[in-house]
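Chain lettering (A, B, C and D) follows the sequence in which the chains are written, and residue indices restart at 1 in each chain.
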């Protein structure tokens, strides 16, 4: 399904894998400050923070999958089937639709702390963008350089969880995902030690054995454990090249290979359509696609951020080789 | 440590991850037909098949890690510590040193069948290249379009195993690696079915749950299971772009991220130094490095294959970005 | 910690393992109908259903660990540390203390349906029996021949869960325990089938391989999965001997062996102090102890159930051998 | 299938679970010193050590499943399908049939060291007892107070492995079983420690979590790991009661419950037919059966050990309850 990650070296990086069996004509979309954001049930934002991210654009409106604003705040929506529960409009609260949620947050706020305070008052209302684009069941990871949270609208209401792991996948609900990590607390990046019996001589026959027990299938709970382990133990230099390399390696640890996850029918497979990594300090949005492993970038600051028109770049999907001879 | 893979779509592809905590100045080296291969204990090959692969070149001699010849035969050496057992020179057999093994095989043969027949008579003798380059404990995967085998020189002698998985990692010995796969036979790319109890209603809460039980740590036995599952279930189109994308995704499923495997000391980590994929039909050798996810290629047929000089290209290691704006 | 089980052949059987590192002088206690049950905050029961179970008797009051009444209703309290949350007295509700909960339920009701209806109105209040016997953090399994439920008083309030598994262990909360079973849905009592790849020939080298993935450690979540698997797949004849044999085998599958679970200090171990199985149709309470594997029984109907005095039998703890020569 | 165990407190205890889907009229059989042991291909033993164990007696000959001699040496045969490979008669060696192997060893030797020395010269020959009793594919555990070994006759010949675990189950071969233990070296009877990340706070929500990763299914490889863990960490007092209690608890940790292992057809199940534990110092043979959890004993020294007639006692199979009222 999907994996979102927040990671900081010298700069802060935010991105995700989008895992699906089809593509919606995603583009890298830069929404400048004066693009008029209308909202169905709450006041419009005629001027707001500029945003860069991947979106499907419908009738000129950027339906963002994940994005970052010019102040360093990132946000991504990830699939949350059977658990996401959107509500009827609730008087006395700020009613935001799920498809508006990313622009509403990234347009207004600079930090996770501000978002969390504002969410006390928010209802995610059950209103679709259009017949063609009904609501997806989603939950969100929102992160800045210092803090990550998970936001879930479930039967019991809107829940905001601290996310010290900087990782989000899909089901189950985040409290259960977090609880399951307890069963992995013994995993280590160091060689295993013998705690079984001092009367047995064991053979550390391979490097990496300290993490035996870490799951490797592509279900959302297993990807969560694997991505948290990789992300929490990641070591990277501070340079842009080292940082984004490491970020894409973290995402690569839970990427989905064509053929490994059947979805309905014999020849439909979920794959990692794209992987993204935005430097939230510089506003450069990087991505790779399933078939193009070269990192492509879009720099939001190279656009006119005071304009009112969304600028978008189609994803480069063909393999971009470089021949040495 | 390492993972080798052989995979066929329309063409045949052969490659590997090299997982280490250091780099030996590897280069992509093309050895043309008339480069004089001397061998320590067996007859020289003044003329032989041309070879492309990654090697450290010492005194003009290409010490190949993995390579492919112009007839479509590929071969890679992978770490095999504590198990590799090289022998004293044995009269009446063909005595080949481990560091000569790749040139000796790729220089002479066109198919795995030919290699297997020849190995009846081979002793891997315990002679180092030099003081600076002592022998590594290795075992090998040798593959053409139709067949893969694993070759191991162990205490009991030289063993050749059919390798229907087209995958090799490291320890334990290949017979044990193969045996362990039995414990994973139930894993599936399809959603799991309830075999637990018809009186319980289960929830398939995520895609990918059919493979729950597949390991995700980076030890050699776990990488073997994960890579075999990914490789055996891979689906790819026939084009060069689709094929090599899929190949690198297979390797990516068992790549090593910096920080996840400590080796001696707090700040030394094993990482995937490079990943390679050679189209053995066309002789184009592709690779990525830890920090450069763009695929770089070297086409052996663009070199003068009748010359007598090794041509080599240093690995492109810096991140090669492509900006869209 | 503990495991409770409800199981039906021709008759209904209810029992548990008590896993602790010490013993509180448990006895098999029969409470007849006219023993006056006083309650701290709700009306007394001068006359009630007779009860048999294991209890510590303090000041003449039977503090039941698990018990069954003469109408076939069984109830057991199991450790629930950090999760159990008892409440202040709540006006307008029936305030029952946790130590009174078993007598209050078993004294009044005949079926789980009746209990569930009554629980709408119940508060489990934070009042200890005495300074010597503070409240334990518990949750409960309540079962009759047709239905089992789990009752948990947690921060959010009193929760009643249907328990179609007839099994309760300890942490985490029952909703999470139940959710985790989804990851085991593929487990089978039949030999495994190859879903990995039709191009690999696997070897079913042992019977029982269909359940590979079932955990075998003694943590509460692992015992839950193992006990549910064993209980749901159990096959037993209808006779009393076959039924209770099978019941003790189910409990044996998750019993704790001395030495396997350290608790504080090097030489304190949690073990299965006793295992019990009550035929709720006949009122015969059977048990074994860690050191006495012979099944000992107490038949409640052999006591004067119209009296007002608790009758108790100390547990037979020494190994009762039978020599054949 | 089966599990054999050797365990020492003050005395030495040796026994096993016999796991099958049927029963062969097993009896506890005492073979006195002057019972004439004829062998098919090697010299007879007219006088030998006395033996006690469980056997099927055919034509007066005790076909032992497991047994102990009066000198403290124990031996058990366990199922080893597809791996056991018995040989043609080999001139110049001592040719013993598998069905004679237990009497031949226990009749002659006092220590494992003596047995190991003698096995240099032994061939296990492919000769059946009778048409009715063809050879079973077996391997053996042989143990005295100080040493255990595993003996396997496989394609490559007779292999004798030190068995420091004092545990034997079934497939795969013992070298592979032993190797797999390496993957469990981190398991602990103590609570788990956080080696995952110092930036995450974990919750040790249950006792016993240090052994998460220990398998709980009933396949032979999983039973081996579980039994070794339980056996190596067992703690027991020195008394006979404590010792045999602990021994039966070790066996109980890998016992097979009816319904959990289907074998051919819907209603045939492998179960633990009997569990045994012989005090090899005193010659008292204890056992329980699937339906009788009371320990029954036979004391070899209560028989006339200088006679020439096998004495046997049928297994007590009905549940032997003890009522307290």
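Remarks
Operating definition for what follows: contacts are C-beta pairs under 8 Å (C-beta built on N, C-alpha and C of every residue); 3 or more make two chains touch, one makes a residue touch a chain.
Chain-to-protein mapping (UniProt): A, B, C, D = choloylglycine hydrolase.
Only a predicted model underlies this, so the values are computations on that prediction, with no experimental measurement involved.
Ranking every chain by how far its Cα centroid lies from the centroid of chain A (choloylglycine hydrolase), the top place goes to D.
More contacting C-beta pairs link the chains of B-C than the other of the two pairs A-C and B-C. With centres taken as mean Cα positions, chain C (choloylglycine hydrolase) sits 44 Å from chain A (choloylglycine hydrolase). For this pair, chain C (choloylglycine hydrolase) with chain D (choloylglycine hydrolase), the centres built from the Cα atoms lie 33 Å apart.
Separating the CA-averaged centres of chain B (choloylglycine hydrolase) and chain C (choloylglycine hydrolase) is a span of 55 Å. Residue positions 172, 179, 183, 187, 190, 203, 205, 209-210, 212-213, 221, 229, 233 of chain D (choloylglycine hydrolase) are each in touch with at least two other chains. Those residues of chain C (choloylglycine hydrolase) that touch chain B (choloylglycine hydrolase) in the complex are listed here as 164-165, 179, 181-188, 190, 192-197, 199-200, 202-205, 209-210, 212-213, 228-229, 232-233.
The part of chain A (choloylglycine hydrolase) that touches chain B (choloylglycine hydrolase) in the complex is made up of residues 1, 28, 82, 170-172, 187, 189-191, 203, 205-223, 225-226, 229-230, 233-236, 241-242, 244-246, 248-250, 252-253, 255-263, 267, 269-270, 286, 288, 290-299, 302-303, 313, 316, 318-325.
Touching chain A (choloylglycine hydrolase) in their complex are the following residues of chain C (choloylglycine hydrolase): 172, 176, 179-180, 183, 221.
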